[in-house]
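One structure, as structure tokens, below. Some questions next.
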Amino acid sequence: MRPLWAVLSDALTPEPRVRSVPHIWHWRDVRPRILRAGALVTAEEAERRVLMLVNPGLDGRPAATATLFAGIQLILPGEVARTHHHTPTAVRFIIEGEGGYTTVSGEKGPMRKGDYLTTPNWTWHDHGNEGAQPVMWLDGLDIPFVTNLDAIFYEEFGEERQPVVKSVNDSIRRWGSNLKPSWETPEGSYSPILNYRWETSRAALHGLRGDKGSPFDGIIMEYINPYNGGPTVPTMAAYLQLLRQGEHTHAHRHVASTVYHVAEGGGYSVVGGRRFDWEEGDTFVVPAWTWHEHAAEQGEAVLFSFSDRPILRAFGLDREEALAAGRQG
Amino acid sequence: MRPLWAVLSDALTPEPRVRSVPHIWHWRDVRPRILRAGALVTAEEAERRVLMLVNPGLDGRPAATATLFAGIQLILPGEVARTHHHTPTAVRFIIEGEGGYTTVSGEKGPMRKGDYLTTPNWTWHDHGNEGAQPVMWLDGLDIPFVTNLDAIFYEEFGEERQPVVKSVNDSIRRWGSNLKPSWETPEGSYSPILNYRWETSRAALHGLRGDKGSPFDGIIMEYINPYNGGPTVPTMAAYLQLLRQGEHTHAHRHVASTVYHVAEGGGYSVVGGRRFDWEEGDTFVVPAWTWHEHAAEQGEAVLFSFSDRPILRAFGLDREEALAAGRQG
Amino acid sequence: MRPLWAVLSDALTPEPRVRSVPHIWHWRDVRPRILRAGALVTAEEAERRVLMLVNPGLDGRPAATATLFAGIQLILPGEVARTHHHTPTAVRFIIEGEGGYTTVSGEKGPMRKGDYLTTPNWTWHDHGNEGAQPVMWLDGLDIPFVTNLDAIFYEEFGEERQPVVKSVNDSIRRWGSNLKPSWETPEGSYSPILNYRWETSRAALHGLRGDKGSPFDGIIMEYINPYNGGPTVPTMAAYLQLLRQGEHTHAHRHVASTVYHVAEGGGYSVVGGRRFDWEEGDTFVVPAWTWHEHAAEQGEAVLFSFSDRPILRAFGLDREEALAAGRQG
Amino acid sequence: MRPLWAVLSDALTPEPRVRSVPHIWHWRDVRPRILRAGALVTAEEAERRVLMLVNPGLDGRPAATATLFAGIQLILPGEVARTHHHTPTAVRFIIEGEGGYTTVSGEKGPMRKGDYLTTPNWTWHDHGNEGAQPVMWLDGLDIPFVTNLDAIFYEEFGEERQPVVKSVNDSIRRWGSNLKPSWETPEGSYSPILNYRWETSRAALHGLRGDKGSPFDGIIMEYINPYNGGPTVPTMAAYLQLLRQGEHTHAHRHVASTVYHVAEGGGYSVVGGRRFDWEEGDTFVVPAWTWHEHAAEQGEAVLFSFSDRPILRAFGLDREEALAAGRQG
């Protein structure tokens, strides 16, 4: 037993005391390191060969923000990352390579540059590379969130690859065209679509380029679960956003924390007063309640991002504020 | 005041006493008549030039089943069916013609053969034909249902055409690819998509042709509202179904009543013990709680249909029963 | 096939063309007739000894409004109205008598003056009278609505009384105090509470007498389903409203049609321009889209009512309008 | 950047690695200490005079489990704990004293022994004691959970007491009897009821004493939000449970962590293999995924508890397992 009053002003602060900090990981630095990791450890030894993007403010914990994990995963030609499942949910955005795949719940989904895939809570999954080049992608998971709930469970499947019982693109054929098969009902509260393909998503984004869009994010679209219209997985929202040439958005902040990845082009963001220049392949983080704005002054850019917004919204805890001055100093 | 006991067995029957009857309207009969109507009355005079498919069991009421209206609408080249709105909701399936369009809530949507469009409750809409040939489609409305609720409202816009304030395919670009624009929220409880295009829907249907599908309906898909995963409009569900060559489904019955339209191919259905042969363009009706089975023994067929299932489901009133014998004698 | 344009202005009217009319059934007329019915027919012969309150505008159909049935039921001492179930849902408001009961799904619920009970879709139910005096109540059902959907099913249980497997007041003990038993989940989409007791409901109503309340209805409360906060049954909303001495509400109209029953006191309502004076035991009807206002100028009054509002709301079809002049001429 | 494979088996464990431990705080120890605190610090100095029940496994963090805070609050006669609000939500269970009150959103609610009150996210609240004796209660908050989301906001009202704009028991009168006022809609996603009164709740619990109840918890009821049937606040579920004389429940475990408080009687629980004897006023904690069983072998007991179950359920993360052996060794 301890007195609350000694710590109350520390526990209940006027605004969140956010420990994670704005940070960027440049692909020019990340790529050689993850490839070097490929030489040092096999996929089998590693279980998952992932370099974690550890937030410098979080004392080495495997976390990019208070709730989100981010990492870069590599699968070399011929390798398999064996089948397991866990309660944390993963989202993945493919950075480089041809011939990669993820099998989730019996469906083998090809992974091509720009594709967005999900691996929901407790679904069996394994990855492989049937191509001739390394395959690399961004992994986003809610590990810190699930860990803080004392809700981590993990299990191995027992065989390297799970049986593939569905045909390629099965889920996109069932659910990808605003129709649904009437004779079946998806299980779970996550999107029945395994792979949101880059060409489709990118075309959708460019289709709205004539719109005004969001003052804070330009043309920004959220990947949705066609079975309920919500986010693709219950804990994380994923977005694709187009910054048009010369666009410089207004600054805002929200409680939801976000990991951004540069899918195309270059530009910069001002996050918490610091400028981060970015180009294709870079990953950066905007912590909770931190001012941020984006600029693509030299050419167009497309950003992928994922955030913990659905968690906050479930409990009325998200807030958003526009910067009165429009942009940070 | 009257005694219930004199009418109780009449009011509370063991099974529904359905007055609408199975019936088919052949396109070879319908087409010349609706074209003749085009010669007799202008679109302006008619407000809507529609031949109603009146169920013979319903005493001439404008109804195909107890809850659903069906009709065939014609717009001649250069004509406009002026802007109005009403509380009944319409679904439309395009049968023939090029150059037709419907404008709903400021979006002008092209109507091509096989397209499925919706005109929800109280949305302004006008139709036109900018092509060189007659444009004809199937109209499905919940007029009998809304009438029975004493909830009919109708209003004219005042101008022939409403202003078009959105670009062509605006809604499919916003909502058609399993992403949604983050900066806006659709109004209403209906699908934000105006036009479900035939080439997309047909491809989705054929994409599942390797599935077993439903024993009663073959490969059947429901058009869905991407904003909530439900039917495209609150009162009616719309489907597209593929009957593969040689397929003859099992018989079942359900409380939901259905209007079918032959989108492609030919075959027959046995409805309430009677065989109805059909070919492209035909429309037939399966009343509530009536056994029905479908056959495409000569070649493939695609059926479009709409039903009042969402109304029944909203109140726990739908039931489905499989015929023990498999098929009707 | 028939031309829509010949009937379009008849089918799609600017406002609903409501056939049911405002009407009142005075208890002083109803009571002797239902008692006389008790002398003419036994409960066994009648299945249910109910005098229907037939709306004069509806050509003798068993309906009080387009969607709602209302009737007065009598059970004499020692009688049993045998067990059956049907897809129409019933609500009941007890008018007179001691010793009546309804058994629903194995729970036997006492029926006392002012109690509100429900008998949802397809639940087995039987009634009886274990007292020494006639028991009479108002029955409200969605029979016209369910009939119009071709969804009537009816079945007899086979025994006069169903087994009573729950203790008296079982459901109110489980669900009546804003707590719920954690080890069970109610079936169905209707309230788990069988009997909303008069003393509780009346006390709640009087507890808010200091409020301003609704300008159109005074202190009006809706009976709710504690499992989901919605109406007690999916198709009908039921209300209790207090008109304080001297209160004369403003006129409004809405698409929802309503059957009112005077639970206590006297006053009058102006419905569709006609004044209806009422006193305890009277039942009157406000059809869809009809102006109505209530007055309790001599003393306090409590009105019970039920309406089809949940049906209209499910499809965005309810509308409400206040009379600009405040009250009808 | 750091290698995931070095920490993967640490991050993704087969079962949760729970750091909080089973623990009990006896009222005989707590009471003198909180009273001593009353002598050492004023309510004004303390902002809130609360002794935290700090879990020994959590390194001194203000937390009873990974997600839940528990504390004992004292208000002395005449004192006021001034008005503030914060994003963490509080639930309160009154232990001792007469004359205490909490004002939430303008409603002043009396606090009597056994009452359950809520103070949802961002609602203004102040406490006071208008009696002659100390008032003490158990505070439960989701502070650790909200802190882990970087979502703490806190603000002072500026005046000691907020204006009381509603009458005593306003919310229970509006919402406590399974009716709701039709002219208003509650704001927020929490229960509109401020105070769940002991006499009502206890009577409900005893009303089900004849039931079999839950094998793991006896007669256990959850306080519910009458507006939606869910828990009283979005993040925490609160329960009252009756252990009948001689009852010894089966052991189970679940991911949801729970803080228990003994409202009446005595007995013991076996938690994680350790026996904790308890009597009225004691508080004990069952961490996530920890076996627990309860026994009231000498007489009856009533336990109040609150848990983070709604958080886990929102994301499909709760699991429950029965101990095969029935009870722990």
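Letters A, B, C and D mark the chains as written, and numbering starts fresh at 1 in each.
The definition used in the following text is that contacts are C-beta pairs under 8 Å (C-beta built on N, C-alpha and C of every residue); 3 or more make two chains touch, one makes a residue touch a chain.
These figures come from a predicted structure and were not determined experimentally.
Between chain A and chain D, the least number of touch steps comes to 1. The distance from the centre of chain B to the centre of chain C, each centre being the mean of the chain's C-alpha atoms, comes to 35 Å. In this assembly, the C-alpha centroid of chain A lies 53 Å from the C-alpha centroid of chain C.
Per-chain CA centroids place chain C at a distance of 40 Å from chain D. Across the assembly, chain D contributes no residue that touches 2 or more other chains. Chain-to-chain contact here is organised cyclically: the chains close a single ring, every chain touching exactly two others. Pairs of chains that satisfy the touch definition comprise A-B, A-D, B-C, C-D.
Contacts from chain D toward chain C in the complex involve residues 167, 169, 173-183, 191, 193, 196, 200-201, 203-205, 207-208, 210-211, 213-214, 217, 219-229, 239-240. Against chain B, the residues of chain C that register as touching in their complex are 1-5, 7-9, 11-18, 20, 25, 30, 33, 37, 41, 45-54, 60, 62, 65-67, 71-72, 86-88, 121-122, 143-155, 188-189, 234-235, 255, 257, 287-289, 308, 311-312, 314-319.
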